[in-house]
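Shared chain: chain A. Partners: chain B in the first complex, chain C in the second.
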Partner chain A sequence: MSAGGGAERPLPASLLAADRAVLDRFGARILERIEAFGELTYCVAPGDWTEVLSFLKDSPEGAFDQLDCLLGDHLPEREDRPLAVVVHLVSHAHGHRLRVKTALAEGQGLPTLTGLWPSAGFDEREAWEMFGILFEGHPDLRRLLTTDDFEGHPLRKDFPLQGTVGGRIRIDLRGKI
Partner chain B sequence: MATSAPPSASVEARVEGRRPTLEELKERKARSRQRGQRTGELMTLSLGPQHPSTHGVYRAELDLDGEVIVAVRPEIGNLHRGVEKLCEHRTYHQIIPLTDRLDYLSAFAMNHGFCEAVEKLMGVEVPPRGRYIRTIAHELCRIANHIMWLGIHVMDLGTQTFFCITFRDREYILDLFEMLTGARLTHSFARIGGVAKDLPDDFDYRCRKVIDFIPKRVAEYERIIKYNRIYHKRTKGVGIFTAEDCYAWRVTGPALRAAGVARDLRKDEPYAAYDEVEFEVAVEYNADVYDRFLVRMKEIRESCKIIRQCLDRLPGGPFLARDAAHSLPLKKDVLRSAPAMIQDFYHVFHGPHAPKGEVYRAIEVPKGEMGVYIRSEGGPRPTRVRFTTPSFYHGQAVPALCEGEMIADFVAIFASVDVVLGDCDR
Partner chain C sequence: MDCSLGNIAGRGSQEEAFDEPLGGPVRFPGGIAMPVQLEKVLGFGRSFSFWPLLFGLACCAIEMMALGGPRFDMSRFGMEAMRASPRQADGMIIAGWCSIKMAPRVVRLYEQIPDPKWVLAMGSCAISGNIWDTYHVVQGIDSLIPVDVYVPGCPPRPEALWEGLEMIRERIKQSRHAYDGLRRIPAREALAQATASSVPPAVPLEVPLVEVPRS
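Presenting the complex of A and B:
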């Protein structure tokens, strides 16, 4: 059972068409193409982030009109690029899904997706506060879920599960953090 | 400043029984957002976090120009409990009770979404009886959620009594849940590979009584609300959000279906027993608050149909997968057979075995589409879990929904997208 249940599940035909279009257009700039659990994943470089995603949104084969979710991730075992951003896309026209990932070094910024899909706004704020991933050009990059004086990025693997960080709500810091 | 009542142009522009085109909807939206006199003087109003109409601890800072909402700044996070961080330190079985607390008004749907994702990761096949019981519980949960939503939504519009009527009817569903799971709100009923318990003996009889009763109640609600002129004035042509807007802001569920999109993951990406039962996707076309109400009422009726079909066709056999590596054993076996006891020890002290990899599974919960992302490095605990909950995005879309509308409509529009803050803040 090491491959999981869905490893042999085929991808839908519409997604394969979109896949061909992407590979024709970007070729080796898609750093890795993973097919597992009936899902397709692309890994791209942070520099290609906006270009690949806007192609996926606008190309008729892809037509990914909805950003299902954007999330940050922390992989401390990957020392040079410990952070990751993962995006899940949905196409209502074709009914297929796709995942796109990128790996980031500490402090490296990533262009915002709020211009393509406005719903990325809260997701990027969350990824910023939880992992410290900087989204360049985001209109309102403030803490979203934690208090204004919270220190650190709580979803990183080295952040303790228990402890006292922050705890008081400081009105004087509102809008500055 | 005696302003004449705003000519409710958008209400009259609505022709019943005809599907508006996207252009018409856009024009209606623009007209609806030009109502009200603007004075050019801004006032900031802080609504919430303890305002009764914010459905929890949602805070919105409204910039008002006269009665017109110019800008909305949503503030969420007052109910943040760090569920995703906790998940990384618990085994897959132990996460199920945490998911109850996401959307506490439709707890089973949250359990179900998480278990579907875990089963996809582990490759667990749910036995037919388990799938049917899940479908029944999920639809009961949808009915309870929509009834609760209706009561609160109408209470926001100023009708106190109606809230009591809907709450009484919701009790019947909660009684069924109590019978089925032992808990009224946070059930933790789904398990990896099935459900925790089989249906109790007289569940069939009592469930049928309730689902025969609920459509009659829905007819009663419609008699009170659907043809109520005050309700029409407050909701028709208000808060128009077209399909394009819904895609852009990831507004899903009834709000998307009220915009004329027949998108329902129960049909589009079937799970549990939804591909074996017949039901219609509730769709309306005017994309306003009133149509979101109509969609939910239709969905309650469809849910009753689904439950009835599931009860009729309920297959026999196990309700939990006999999968020693991934599922818990039956409690009654644990003290009687050695393999079951070993399996129990393995799952309680170690946890189920998951392969390395990442999965994303989205299901249709009452409020919209809920996705669960799991990245596993192998072993009993996930490395990263993300709950993509509908309320999070609905709460984010409130500025786009409300800007340009009147302040009095804010509560109606906000309620119409069904935000629960436990779901939003995680």
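Presenting the complex of A and C:
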């Protein structure tokens, strides 16, 4: 292996231990396991979302105590499940990281992670606002970065890139100044 | 009036200073009137201590900081005292693009600066929105507040901002403001609407937890 790493770069030993624990516990419920550039990615079904992630947080091999970020994604070419959610986990105890993905159909909800990592609150608000992904059980699913009266989900691929689309640029300062 | 003040103002001889049309006195609430000539003296004093609001919106603020730093050093011109409170500021430099979410805050900061005040729109985004003709950017800050000087560039170099501040200085000396010629100040008009109309907003502020149908 070259010093610069690459696709063959091995996983850290602690992450391999966590990987074994997850595969022992869930087996085929881990739909896809991608290993590249010294990083590990799991793809799980939305129904296993909370169970897998809580196992990753609570198992001593994983010990992922921080939710680094939670992202939405829109893949319109994937017609049956155009939406995706990705979480990046960090373990400060072991110093390793992990990525977990799931694919969602249009309008399909996903259980919230705010019970596991409270920091998921803002990330899920943003993912809902930008992609329209519903997080069931979220305590405060309001818009975060756009105004309260904004319509639509602007990071979807079919959202118009340019212009005062549908009157979305409205400067209505009533009650705000 | 003390004629020697006219000389201090660099307006030439006493005779020339008095040859200029005086106009009507400036009236303040409470019945106090101020001759225009004295207003010029005040403007002269103000022009050498223009304190902008310590306020940056985006990357143009980096160039604004460069102007405040030792290389360009706007403290040479009495403009280094960036006030963190709008109550102490003489104006604001809109440095960067303003999102629609940020717009009410910008307007509130502008309204909190005591009169007289001057506004400099720095960079293409503050002037026109630049390439961000999108869902979230105010297309020109002058749709919200009156702007005195526009400094184009992406971002403008510190020298360009300096030139803009010199133009602000000229306007201060002449006691001219962007809101002088306006029949309405957009933000103030919105404020008047808010107080005058009892009609609730067309869109409720709380967004319901449903998928918004796309048109």
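We take it that the second predicted complex is superposed on the first by the 159 of 177 C-alpha atoms of A that agree within 3 Å, B and C clash if a C-alpha of one lies under 4 Å from a C-alpha of the other, contacts with A are read in each partner's own complex, and residues count from 1 in each chain.
The definition used in the following text is that a contact is a pair of C-beta atoms (placed from the backbone, for glycine too) under 8 Å apart; a residue touches a chain by one contact, two chains touch by 3 or more.
No experiment lies behind these values; they were computed from the predicted model shown.
*Asks:* Output check: A:P154 vs chain B and chain C. Expected answer is one of first, second, both, neither. What do you get?
*Replies:* Both partners, chain B and chain C.
*Asks:* Which holds for A:G107: it touches chain B only (first), chain C only (second), both, or neither?
*Replies:* A:G107 sits against chain C, while chain B stays out of touch.
*Asks:* On the A-aligned overlay, A:P60 touches which partner chain: chain B = first, chain C = second, or both, or neither?
*Replies:* Touch status of A:P60: no partner.
*Asks:* Just chain B (first), just chain C (second), both, or neither: which does A:C69 touch?
*Replies:* Touch status of A:C69: first partner only.
*Asks:* Once the structures are superposed on A, label A:S119 by its partner contacts, choosing first (chain B), second (chain C), both or neither.
*Replies:* In the superposed model, A:S119 contacts chain B only, not chain C.
*Asks:* Answer with first, second, both or neither: which of chain B and chain C does A:G47 touch in the superposed model?
*Replies:* Neither partner.
*Asks:* With both complexes overlaid on chain A, does A:T146 touch chain B (first), chain C (second), both or neither?
*Replies:* Both partners.
*Asks:* From the superposed pair, tell me which chain A residues show up as contacts to chain B and also as contacts to chain C.
*Replies:* Shared contact residues on chain A (touching chain B in one complex, chain C in the other): 143, 145-147, 154, 159, 161.
*Asks:* Mind listing the chain A positions that touch chain C in their complex?
*Replies:* 107, 132, 134, 141-143, 145-154, 158-163, 165-166, 168-177
*Asks:* Residues of chain C touching chain A in their complex?
*Replies:* The contact residues of chain C facing chain A are 100-101, 103-104, 107-108, 111, 133-136, 138-139, 143-144, 187, 190-191, 193-194, 197, 201, 203-207, 209, 211-212, 214-215.
*Asks:* Within their complex, state which residues of chain B touch chain A.
*Replies:* 76-77, 80, 82, 84-86, 88-89, 119-125, 247-250, 261, 263, 268-269, 325, 353, 355, 357-360, 362, 369, 371, 373, 375, 384, 386, 388, 392-393, 395-397, 400, 425-426
*Asks:* Spell out the residues on chain A that touch chain B in their complex, using ranges where they run on.
*Replies:* Within the complex, chain A touches chain B at residues 1-6, 36-37, 39, 41, 65-69, 71, 73-74, 86, 88, 92, 95, 97, 99, 117-119, 121-122, 143-147, 154-155, 157, 159, 161.
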